[in-house]
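Two complexes come next, and they have one chain in common, chain A, joined by chain B in the first and chain C in the second.
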Partner chain A sequence: MVELVPPFLVYFLGAALLPLVPGAALRSALSLLVPVIGGWLIWTMPTGTHDVVTLMGVDLTLIRNDRLAAIFALVFSFAAFVSLVYAWHVRDRVQLVATLLYSGSAIGAVFAGDLITLFLFWEGTAIASVFLIWARGTEGAYHTGLRYLVIQVASGVILLSGAALFWRETGSLAFDQMTLGSPATWLIFIAFGIKCAFPLLHSWLPDAYPSATVTGSVVLSIFTTKLAVYALARGFAGTELLIWIGVVMALFPVIWGLIENDLRRVLAYSLIGQLGFLVVGIGIGGELAINGVAAHAVSSILYKSLLFMAVGAVLFRTGTARASDLGGLVRSMPLTALFCLVGSATIAAVPLFASFATKSMILSAAGYKGYEGAWLALVAAAGATVVYTGVKVPYCAFFGADSGRRPAEAPWNMLLAMGLGSAACIGIGVFPGAFFALLPYPMEYDVYTVAHVITQLQLVAFAVLAFVLARRFGYLPTETRSVVLDSDWLYRRVLARVIGGLAQGMSIAWAGGVRFQEAWLNRVILRLYRSHGPASRMAQSWPTGAMVQWVAILLAVMLFVTFLA
Partner chain B sequence: MDQNHDDTSAFARVLLLIGSPRAFAVLVVLCAGLFVADFLYHKHPYFEVEEVPGFYAIYGLAVVAVFLVAARLLGGVLKRPEDYYAPNDVASEPYPDESRADG
Partner chain C sequence: MATESVVHTAMTLHDHLPVLQILVPFIAAPLTVFIGSRALAWPISFASSVVSLVIAWLLLMQVIDGDVISYHIGGWAPPLGIEYRVDAANAFVVFLVAAISVVVLPFAKVSVAYEVPLRDHALFYSAYLLCFSGLMGVAITGDAFNVFVFLEISSLSTYVLIAAGAGKDKRALTAAYDYLIMGTIGATFFVIGIGFLYMGTGTLNMADLAQRIAAQGGNRTIEAGFAFILVGIGLKLAFYPLHLWLPNAYTYAPSAVSAFLAATATKVAVYVLLRFCFTVFGPAFGFEVLTLQYVVLPLAVVAMFASSFVAVFQSDFKRMLAYSSIAQIGYMLLGIAFLTETGVTAAIVHLFNHGITKAALFMAVGAYVLRAGDTFYNDIAGLGRKMPWTSAAVVIGGLSLIGVPGTAGFISKWVLVQAAFEKGWWPVALLIVASSLLAVIYVWRVVEVLYLQPAREDSTATEAPLTMLVPIWVAALACIWFGIDTDTTLGAARTAAAGLLNLPGQ
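So, the complex of A and B:
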């Protein structure tokens, strides 16, 4: 029975009622209450399972609260609050409703205690979030949204089939630690992997996220992928395969991030790179690694949304996020530039910023367990991240060659949202102990050791040095208006061509068949006409009274049959 | 333009120092200092390779260099014109004016 108010309900009620509120400012103000109430419910919620409801003979556990679920739900609430502040100026009710349903679904999924509840909220995040892409209102956004929706819904369908098989296999639908092996667990694993942007399953992310509205991209960057990280941490912690998947995820986006011209797409690739760290952490497993995953998920939500907000503010004011069209904006948008630098310092894991405290736990766990290859790859990825996100984004937008653009500073609400995000990034970096108390497992972990501070500063400083030297000697990849091919090329171009070719071949074959059939029929009819037509040889012998003759024959047969009967 | 230059606030000018030649000199000094500092403290490494003095410095520099070269090479292969996927893609579309929504 429902004994607690589930937090997602607050979001769904908000989504139902807020569009009715007249006055945009009042609507925006009231929308901020939703994550506050939701967050308070989560903060005060007792641990354990609650709200078990029976639906069509299946017990659905709406709330399974433990420390792993709580920290994800709390950071989702905080990030939802910040993104609603950022979207204060948006008058579009559709985006508001989509944001609330999307956040609510993500929080609902985090608390889901069984696979069916998880599936319902999993699809909820897919369907709600696509409206943030469609809200851009262009033809390209419509097509991109459709591609995104197909892939996200497919992930849900695969999850559902996995759940069904799992139920047949084990007789249980509980969503707990699983062992990869049976078809059921593989299906569930792949469903999680699609949303987590595993290599070759990832291309929906850099396709869709930069295609959303300014505020939509910020919201998208928060939920879907981190929900998948939570699901993997809950279901597949310690699965060694994940270490190698994560290593690939951490490394390959570096190249695309360096080439890509659209700064929001650069951030999308860097988002995949950061997911790589989290996936490696899940693969390592154990208390330190899972603490590291939870902590670094929090910090990556914070800095990634902060960077998306800063680039979004640039897009909002200038109408473009292309590196080739930007540069030198610090002159008129200094505060946005400052917040962007805070985001950069955080993703680069500079001491006193959140990632310095959180990323190191995953690296330490790799060290303790002796995964030297994975450790070397992650340190390399950390060094590259400094450059392709930490330096490239602020350099291309705010510093670098002056584009001559002098847009106004971002609106107050965007600055406030970025300020909140920055404060959280710095707060965790300066007071890691207080933050660590929220993590799933109690631990003793000293972040600020001399060795850690010096080695990390070395990594950052020399990576920046490499960038500066490359710029001096003209070795940076040039920023030109372009699209960069990724694995989605396989289905957007190759598969489209193959299907197009097949369709063309089929239609040619069909037309040929039809023509052949027509010619054959024509020939048959013509031949019949020649032999039996009015002018044919057969017609010459038609007796004039043929019909009378046939009637006579029929009568004779009738007489004969009647006589016999 | 001069007028724009006057508009640049003192705060923005401080931030602009990040791109100045002086900042480059500071970076070089910082790097040198950090490299030297590696000899001055007691390490407790997970792996042997960490005991190499300046490991993180050399590794960071090398990794970035390798990725920059790789990006240059692959960039030539993977880049296409902006309207490659048009009209099924937003890359070549102008961003719609959001101020309309404010009206």
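So, the complex of A and C:
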């Protein structure tokens, strides 16, 4: 029975009641109470399973609280709070309700103790979040939202079929560690994989996130993928396949991230890259790696939402997030630029920022467990991330060639939200010990060793160097200055050309693939329309003679079959 | 298991409930004609429906634990006399029919007044009552020939009811005519099948038939009887490809009739199929297993997809629902073709859940017809804002049609998928899920039309009157209620399935 108030209920109640509140400011203010109450409930919640309700003869465990669930739920609450502050100025009730339902569902899913509860909240996140895309109100956003919804709901349906099979196989619906092997676990794995943007299943993410509203993409960047990370960490920790999936995820967005012009899209690709790190960590398994996953998930929520908030503020003030249209905004938006730099420093894992402490745990785990290949790939990916997100985003938006735009500084609520995010990023970076106490497993892990600090600074420094060079060679959208090359660098130019050509080739192939897919889909639909549309034989009114003919045929078949026996 | 009551003299009214179930509407039908008052026709119909519902509830409560009531008409003992035999399966169906009637009739008052010429009202309600009693009679009787008689009573009155749509669209006449021909052929096949059975066994009582067939085993006569009955009933239940009469009949009938028939007529036919497949014959017969698994099952799957595709491309809401009904009947047949307890449970529970879902949706259609004149997508575009309550009910009904968790439709599909897994038929389970996705598309089209398209500029639609909204919402809320509280429906369906398969009740 229900003995504790489940935290998601606070959000759902908020979503139901807040739209009735008159006055936008009051509504925004009251909405802030929701994550606070929810967070307090999570903080004080005893561990163990609670609130088992029986539905259709199936026991649903609404709350299964352990340290892994708690840390995700807590960071979700914090991020929900920050994004509500960020959205203070939004007068749209639909977005408010969607945000609350979406965060509530994500938190509900984190505490789900069985696969059915997980499925319900899983679909909840899908359905609530699509309104954040639709709220933009454009034709493009409508179609993007539909595509997003179809994929997200499909993920839920696959999860449900996996759950049904799992029940048949094992007689249990408990959501615990699973091993890949049976169709059931594969289906569940794929369902998680869709939400986690596994390679080839990822296309919804860069499609949808940049299409949402300014505040919507901040909210979107927080929950869906991290929920999938949590689900994978809970269900498939130590599945070696995940290491290689994660490596691919960490590496392949690099090219798109480098050539993409829309900064929100750059952030979407780098989000996939960061998920790659988490997925590798899950694949490695073991206490250190899972701690690393939980910790890095927290910091990646923080810096990713921080970066989305900064770019969102730019979009809010200038109406564009294209790198080629921006530049030099630091002159009029200094605070936003500062917060963006904090986010960049965090994603780049500069010492004293959150990622420095968290990312290294995953890397160390890879090293200790002897996955040198994965370790090497991750270090390379980390370097590339510094280039295409850590430096490119703030450079293109706030520094670089002056675009002549002088927008006003972001509104106070956005600044406050970004300030909160920045404070958290720095807080974790400076006092990692206090943060580590919240992690799923107790551990002794020293972050600030000399070797580690120097390695990381080197990595960052060289990545920044690479960016500067790449800019000079003209492989970034904001190429302005002429370049003088030393012969030393020639081979690098060749290499850059090769990479550029490769990227171009890939994007052509990709576009071709999409076109082919669309043409094929159109053909299929057209053929179906010819055979099943209103004018087809299938849908026409038949003369009775033809109907009777069917009767005769069917009778003959049935007589034949019955006599056969 | 049967509690045969031999003593006939000391019967109270309570003991006569099985026959009263039929007699009340059956006598009310000519009464409305004799009184001839247009004003009184509806109250009489409604009152007799309510009485029927109360009786159906009382009967259901008596048999829900697996008991059987055997009622002998006129005191003639079966197998010679006609026996009404109430068990969980048919009490459940009778309850569904009576409940739908009680819900639909208040709705029908306004809808019929709008769609059917006033001078025909007394006759209309008389035909309605005949159809109503006929459907319940089919379900309640334990005599094979009596099934045919009641089937004809309900069918003949159905033709009249469909033709009553001619006041709005003359095509109702051809639709009714086509249905008349097909329905009569179906009934003929059915009675030929019963003739074969009589030839083979010398009895018409179902329980007796079952014993004798089991005793003597299958022979060509019995097998031919089975094939004829299957095709005959197949016509009535719109078994793909014998469904061709249905789209026109449902589209051109008055909305109230479509709502009532879609929720009950095909469901009663499904029940008859269950009765013959499991009580009279049985899964022990190789020919039945073969026919169901190699003819019915593939065709059911074809129905699930082909009709859904047609529904996707329709541009008329009402016609789309008709095609979706054919697809949904595919699910029920699939459940039967599994020949397992879970499969039969799924068929029975889907029969109920789909009944309430389609009742809600077809009644909403009636509301749109009343306010917008028609249900083509360009007529009902943008009505989500102008008729918020009706449209919200359409969304709920649509979700239940898809089988979204928390709605009644989910329960039946869940049990059906479970039945497929029990058999180890993965592909079939996948097909069920895949065809549900088609339902997502055709339901979404309606939602899109209602909410996301601008209303026609000449549209003067306002919200439907309360007499329509209340029945629509009763059905819509039932879709949610039975999606959450599943003890009643699933429990009754399980008992019914256990009874049909002769398993010990639970």
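In this text, the second predicted complex is superposed on the first by the 472 of 565 C-alpha atoms of A that agree within 3 Å, B and C clash if a C-alpha of one lies under 4 Å from a C-alpha of the other, contacts with A are read in each partner's own complex, and residues count from 1 in each chain.
Convention: a contact is a pair of C-beta atoms (placed from the backbone, for glycine too) under 8 Å apart; a residue touches a chain by one contact, two chains touch by 3 or more.
What you see is a predicted model, and the numbers here were worked out from it, not measured in a lab.
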What is the contact status of A:Leu457 with respect to chain B (first) and chain C (second): first, second, both, or neither?
-> first
Residue contacts on chain A - larger count, chain B or chain C | B
Examine A:Thr44 and indicate which partner it touches, taking first as chain B and second as chain C; both and neither are also allowed.
-> neither
Which holds for A:Thr54: it touches chain B only (first), chain C only (second), both, or neither?
-> neither
Touching partner for A:Gly367 - first (chain B), second (chain C), both, neither = first
Partner chain(s) touched by A:Arg168 [first = chain B, second = chain C, both, neither] | second
First (chain B), second (chain C), both or neither touched by A:Gly533 = second
How about chain B: which of its residues touch chain A in the complex?
-> 4, 7-9, 11-12, 15-16, 18-19, 24, 27-28, 30-31, 34-35, 37-38, 41-44, 46-47, 49-50, 54-61, 63-65, 67-72, 74-75, 78-82, 84-98, 101-102
Given the complex with chain A, which residues does chain C contribute to the contact?
-> 178, 181-182, 185-186, 189, 218, 220, 223-224, 226-228, 230-231, 234-235, 241-242, 244-245, 247-248, 285-291, 294-295, 306, 309-310, 312-315, 323, 405, 411, 414, 417-418, 421-422, 426, 429-430, 433, 437, 440, 452, 484, 486, 490
The chain A residues in contact with chain B across the complex are 89-92, 136-141, 143-144, 210-211, 213-214, 254-256, 258-259, 262, 315-316, 319-321, 330-332, 334-335, 337-338, 341, 364, 366-368, 370, 372, 375-376, 379-380, 383-384, 386-388, 398-400, 406, 450-451, 454-468, 470, 475-478, 480-486, 492-493
Which residues of chain A touch chain C in their complex?
-> 55-56, 119-120, 123, 142, 153, 157, 160-161, 164-165, 168, 183, 528-529, 531-534, 536, 538-539, 541-542, 544, 546-548, 550-551, 554-555, 557-559, 561-565
